[in-house]
Amino acid sequence: MSLSLHHLLRVFLLAVCCTLGSAHAAPSTETLARLADDDSDTRIAAIAELGAEGSAQSVALLDALADEALALTGDGHLVILTDTGALDAASGEAIEPYPDDADPLMINNRVRNALQSAKAATNIRASDRSTRLAAAQLLRDSASELLMPILEPALATEQDKEIRSILALAVARVNLASAEPAKRILAAQRLGDSSDASVKAMLATLLDKDAKGQFIEPDAEVRAAAKASVQAIERRLAMADLASTAFTGLSLGSILLLAALGLAITYGVMGVINMAHGELLMVGAYATYVVQGLFRSYLPDYVDSYVLAAVPVAFLAAAAVGMLMERTVIRWLYGRPLETLLATWGLSLVLIQTARVIFGPQNVEVANPAWMSGGVSTYADIVLPWNRLVIIGFAIFVLLLVWLMMQKTRLGMFVRAVTQNRAMAGCVGVPTARIDTLAFGIGAGIAGLGGCALSQVANVGPAMGQGYIVDSFMVVVLGGVGQLAGAVTAAMGLGLMTKILEGWAGAVVAKILVLVFIIIFIQKRPQGLFALKGRFVED
Amino acid sequence: MRTPLSVRLFQSLPRTGWLALAIFAAIAWIAIPAAHLLLPEGHALYVSAYTVTLMGKILCYAVVAVAMDLIWGYAGILSLGHGVFFALGGYAFGMYLMRGIGTDGSYGVALPDFMVFLDWKELPWFWVGSDSFLWALIMVVAVPGLLAFVFGWFAFRSRIKGVYFSIITQALTYATMLLFFRNETGFGGNNGFTDFKRILGYDITSPQMRLVLFGLSAALLIAVLILGRYLVTSKFGRVLAAIRDAESRVRFIGYQPTQYKLAIWTLSAVLCALAGALYVPQVGIINPSEMSPANSIEIAVWVAVGGRGTLIGGVIGAFIVNLAKSFFTVSFPDYWLFFLGFLFIGVTLFLPDGVVGLWRKLRGRRPAATETATPTPAATPQGAKA
Amino acid sequence: MSTTMHDGIASSGRAGDSHVLRPGELDLSHKVILYLEDISVSFDGFKALNNLSLTIDAGELRAIIGPNGAGKTTMMDVITGKTRPDSGKAFFGQTLDLTRMNEPEIAHAGIGRKFQKPTIFENHSVFENLELAMKTDKRVWKSLFAQLSGEERDRVSDTLKRIRLQTEADRPAGLLSHGQKQWLEIGMLLMQEPRLLLLDEPVAGMTDEETERTAELFVSLAGQHSLVVVEHDMSFVEALGGQVTVLHEGSVLAEGSLAKVQADPRVIEVYLGR
Amino acid sequence: MLTVDNLNQYYGGSHILRNLGFEVPMGKVTCLLGRNGVGKTTLLKTLMGLVPSATGSIRLEAGGTTHDLTRTPSYARVKAGIGYVPQGREIFPRLTVEENLQMGLATCSARTPLPDRIFEMFPVLLQMMRRRGGDLSGGQQQQLAIGRALAMGPKLLILDEPTEGIQPSIIKDIERAIRTLAATGEMAILLVEQYYDFAESLADHYLLMERGEIIMRGRGDEMVAHGVREALSV
Amino acid sequence: ADTIKVGVLHSLSGTMAISETALKNVALMAIDEINAAGGVMGKQLEPVVVDPASNWPLFAEKARQLLSQDKVAVTFGCWTSVSRKSVNPVFKELNGLLFYPVQYEGEELEKNVFYTGAAPNQQAIPAVEYLMSKDGGEAKRFVLLGTDYVYPRTTNKILRAFLHSKGVKDEDIMEEYTPFGHSDYQTIIANIKKFAAAGKKTAVVSTINGDSNVPFYKELGNAGLKATDVPVVAFSVGEEELRGVDAKPLVGHLAAWNYFMSVKNPTNAAFIKKYQDWAKKNGVPNADTVVTNDPMEATYVGIYMWKQAVEQAKTTDVDAVIAALGGQTFKAPSGFTLTMDKTNHHLHKPVLIGEVRADGQFSTVWKTKAPIRAQPWSPYIAGNEAKQNM
């Protein structure tokens, strides 16, 4: 990569120097031809020329190439394909009739890289802040001596603080290789502000010795500065590591919790060993998929809000399925918890196959809406993906919902009473059958919400539920059956523990260790984390 | 005057029970071998190798189901991890079978193939002795037995009950499955063991060997049924049932439930292991998916379908479910899950005591276990009268 | 009192004889069979037992009364190992520290209990309930080969007769009425042949006539056995005739004959009412 | 007034209740007596709809309307105005005392407060509001069960051995309370009791059961004359 | 009989149904097509479809049933290596014939099996060579990431040996495995980021299989690890798998196969069209968006090669067909004419490397000039030196 990039830059800088201020000529046909060449080197050179030239038409060409909208017609003409028609690549004029035989030019990663660099060099002078920011970041990561003629003026004129500091880092990176020790010291000090592992690696090379045992960096002062900076970065990285492990742990925990909350009602409170719980998650996820499809077909302008619409739909769909299950099967089995295991196992098979028949055996695509894609870059390059952040928030929301329902409403009290003593609940006037249906419906609906959330991070397919059922039961049971606080603690605990162990031992061993931990933990707390104490427990 | 044990063993089964076992034995040991070996292919009564292995496999499953019923039906302990004992028994015997391949493998060396291409230079220590049939038999019993004993000892001592116990058994089998998936563990990763050639020098694919394995499976099932029947009709069985219904009360009259549970738990595990050991040479492969949680749940499903707390119910359930699976997966490959799912739902709704319960109802005999208790109408489904 | 009962007691050690004790054996050298000292139990800060001290002599029949929530059942929980006291001592005889034994060990040592809410094995027949309770070697290995001898069968029959459930012998115990369950539980207790019987409201739900019979039975058991009976039925307590201890808020409020405690104004205030 | 006619009930093959017919009038205490196992509890469970009856009718007249309860589910019977104190307490063990009492208001609107009467009768419940029902002592649970049945102010109060396990002073309170409740004339009370003296002192009417049949009935003050005590101890 | 029975042994339920159902479909389509064209030697083919339900012992049982009860002439089936291992002894014992259509780890050569998927040298090694090339980004550091089972483990073992031979040191190789069905890739992606930060160009070689791919790619997209920074090349992700992901954030990541749906040639166009029509006609769910992929092509090629061999041998007798199969050629949808090797039962296959496009298809960025011969016994595994001519 580095070689071709350097080559590109050299060409580019040459071009910049010659054409600065010169007229905005249209790209030559020769350059255009090279853009469509088979050889990547040739194409990259052409890209560099276009980028350096910087005319509107050149930029449009580069953009088109990046979007794979630059196409070659059957007779060897380059055209830009747009949503509305085709434009001539050289002139930018519309072409009639539309060239049906136009075949878009493919690009590979190397060409894509070249395009980005070419654009960054142009964009650093853009007026839009975020464009400049992105360009600065790109330039920082590929900074080299050759870029100095761009970086230095940019740094000098840049007003924005954040962009300035990025550019300063980029300059420091280059200066680290400067011949003047003073510049090197300054650069080494400057780079201490970074929290980038690659900067650390770069600084660390100053401390290496060559084969003869001589320091590569002759100046002791530079070495000292580098050492101090390495340590500073290391400290920051260690912090970042800790923070990111905590975040990933919480994020996993919130997913476990969302997967388990519905079960905490259907099983934890109602005592139905609900093996079809995973399939209720699946119903929620497919509901999300269907809503997405409807939005794409009928409300394409609002596609990004489909998730919001999917939340209630997922709840209702799963609740409806759950109520149907309760009315037809489960209600005959209260007081026979182990039979519910068998019947719900059967139900789960039926639901899986139903999904397979309706939606096919393959996974379906559920895309994150734009506002849930990507992530926020925080401290030390930790990216907190939006979908994970949203899911953590959503978990809290659902948790609150469940808590309010179980603890703060009469319905919750009735549900608890019915499961503790169904006959007697009837004898104080609770319509037990209706309460059961309602409660199971709500539990199922909560599972549907879980499924909606899961669709944003994981597979949506007929068998998706099977992957969650074991974990869900572990969470509910580990927390102590019927204990909401227990389920939360268990989910977060398992999430954090998995992530800590995973960092240390790898995913497979981590999973094994977590399971072993569960086995051992239950020895200490045979009724789960938040075991109910009291004399009635034994009876 | 004390009745000798043999007589009590005999008395533990009703006359019809013995008759049924005798008929079963005659079919398994005489009729099927004869039909397989003597009749020509295409004869109406010919029993194909496919049928023999299929039946042999289901016989092994039936043993597992009976073992499961012993702990679930009679001691109220629902294990969602019995697959692990079954699989460990299978692996223990599978190691012997792997060694039996000798130099006939792809690489023509004494090491099992998977070790060669995963760069193992020599057998790891836990494979020592695996070429001995006797040692293999010992391991088949000892390894799962010991695991069950240690696991049970800790769990029962901590008074882990109900779903808490079920869940940790599930964790156990899941963890073991992941462990066996790893190639480093030394059991062939997810490919497991397969391509077996011989047992005690005899060709494993010969009809005779097939029949011997089949006959042994039948013998094991018969023995397990008699033993199980003896256990549940003995005082031991009554204490177990008492523990199932009111464990703390049992303690107050002076029994140590821990020991009783541990005994039946370990026994059940060992029976599973024996079944696993017979299963592997018949189906020709053992790999970690046998330890997947779903497989273990299915064992409980067999028992529930047949009828819990009846022993024979496990056998019937294992046969019904597995034959149904074999049949439906061929006849309705796209829809068989519907059939199976509705079968399970139907059985629970309409046959609360499984197929055996139905049988008893038809014969007008109400089993003690259902006429029972729960005088509180908690057990009567709400709306049953509506 | 059946002969088997007598034999059972006689062979299991004469109270007070000064022979060398085997470990685990009951030592009644000071005539005290149960000895509670300063027992405290609290649940989430609520003191159910508060420095409770109590001694029961061998062969004594002691009635315990006291308001609802006084701690009577909790006391039995402590004695039988169900609840561990926060502090205090509990000895069975001179040597057996109840706070260090688990439930089966305590039962094995000779303490039997009838619960306030009848607890029996609902799926077992009445006969099997009694059989399970019967005093024998209760280890796993023995249970595998155990069979009832003719004499043991007779003992079960005797008890069945005594609790008037002969006709129900083969029915699942769960089908009995409340009163019948009470009787069955008493029967199970008799089968255990304990040295010390703890009876928590044994006559609740019995008719007056049956209450009288129960009282007679208990009186006949006293002497050979020691009994601690909790009841709220004063005529029953009167029929028992022994010493009465009144518990209140986790400790002893009064002790003495029934007449004496009935006259105690504090007892009237908190318990008997006017 | 509760009117029961020709009630028959079976458990499996055995005939437990045979042709029962009786009335429980408003403002009166009707005591049902009988030895263990004669079917008293079964009768009450049948009245509550907990076990199905084979034949017969159950009707409740209260506040001018007549409810035919024969085939209705339990909760509808409660809605019609029956309060039930079952044998064996049957409180909700994991609900707090307060919630247990509120369950007694299940048929009322959500904001209905708990009547003070309950706490006057059973002050201990007030002390233990936050404790879980299952943690209470036996007698406390019994008090809770009675309090729960009284919470909604039933038209017909059915009590199955309510004094079981309760200390004498509170039994006296209960006795007084039952009298007061009956005296208002707005409540019919059906009381099953083994404790003869208690029954005798309360009964306006009595019914004596034997093997599923009512073999004697009459006014409360006739109990001695009819020799009910003797009949119970045969 | 006047029909020839053909077994189709693919999981239609359980975890593998996701991948295998399409293979069943394409097999049935090919059979329909052959029947419509007059069958084989004038006889119609009669498919016998069974569902081994992702249960490995059940594969063996069903295989036995197909061979001994249904007497199929040939079976097309299996996806996972373990399922193949499970049926191998059965095909050997009963002298059946199996066509296995999926790329696999090699280290196997059964007389009764024909392998129409790639051996490691037809997929993994060229892919890594590409990553090391100029156009591939000249990667110097490699993350070998896989699902924890034999195929990824073996492939990575081979790749490690290959990388060593190219001078890559162990410290520049990170090997990571996740359990089947693993769905949380946060830690692993963070680790990859860290590993990549060391200053050398890093690439990820993914042998993640099955369900885990969706969460892996979603996380990859959201964590901002772009193909231009750290490209990921996958060996088990094709068009079918990408249907379950939003491909936009994944543009530029790579896959190595022997066929892409996006390949432009008349054979492929016809193949895709046939399959889409077949799917519509047969009520396949989501029929309007069905895709084709490499194992489907391999299945299709296998069926035709078998047909040709039968016609050449003039019998369906297994030994005769096996003998006739060696050297069969077929013009495959990939645009190449594939040859069944004379000795090693593997196809000579072209290798294609493609980058993910936003529409979930791949654009070919590199391909071999001609099909290459399979090396089922990888020369990078000790002890295989003697087997290179097999």
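Labels A, B, C, D and E are assigned to the chains in the order they are written; within every chain, residues are numbered from 1.
Definition applied: a contact is a pair of C-beta atoms (placed from the backbone, for glycine too) under 8 Å apart; a residue touches a chain by one contact, two chains touch by 3 or more.
This one's a predicted model, so the numbers in the text were calculated from it and none came from an experiment.
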#### Entry: Minimum number of chain-to-chain touching steps separating subunit A from subunit E
1
### Task
Point out which chain occupies the most central position, where each centre is the mean of Cα atoms.
B
### Query
So which chain is the furthest away from subunit A, centre to centre on CA atoms?
C
#### Entry: Chain whose average C-alpha position is farthest from subunit B's own
D
### Task
Averaged over CA atoms, how far is the centre of subunit B from the centre of subunit E? Could you give it in whole Å?
36
### Query
Just how far, in Å, is the C-alpha centre of subunit D from the one of subunit A?
63
### Task
Starting from the mean Cα coordinates of subunit D and subunit E, work out the distance between those two points in Å.
74
#### Entry: For subunit B paired with subunit D, centre-to-centre distance based on mean C-alpha positions, whole Å
52
### Junction residues of subunit C, two or more chains touched
43, 82, 117, 119, 175
#### Entry: Contacts with two or more other chains, residues of subunit A listed in rising order
352-353, 356-357, 421, 423, 426, 432-433, 466, 508, 511, 534-535, 538-539
### Query
Among the residues of subunit E, which are close enough to touch at least two other chains?
12-13, 148, 177, 179
### Task
Would you tell me which residues of subunit D are touching subunit C in their complex?
11, 35-38, 41, 87-88, 124, 131, 135-140, 142-143, 161, 164-173, 194-196, 229, 232-233
### Query
Which bits of subunit B are touching subunit A when the two form their complex?
72, 78, 151, 154-155, 158-161, 163-164, 167-168, 170-172, 174-175, 178-179, 181-182, 248, 293-294, 297, 300-301, 304-305, 308, 334-335, 337-338, 340-345, 347-349, 352, 374, 376-384, 386
### Query
Which positions of subunit E touch subunit A when the two form their complex?
12-15, 17-18, 21-22, 134-138, 148, 176-179, 181-184, 186-188, 190-191, 193-194, 197-199, 201, 211, 214-215, 218-219, 221-224, 227-228, 231, 240-241, 243-246, 248-249, 252, 284-286, 355, 357, 360, 363-365
### Summary
The subunit B residues in contact with subunit E across the complex are 48-50, 53-54, 57, 106-107, 109, 113-114, 116-119, 178, 181-183, 188-192, 194-196, 205, 283-285, 287, 289-290, 325-326, 329-330, 333-334, 336-337
### Message
So in the complex, the part of subunit C that touches subunit D is made up of which residues?
### Response
43, 46, 66-70, 72-74, 116-117, 175-180, 183, 200-201, 204-210, 232-234, 270-274
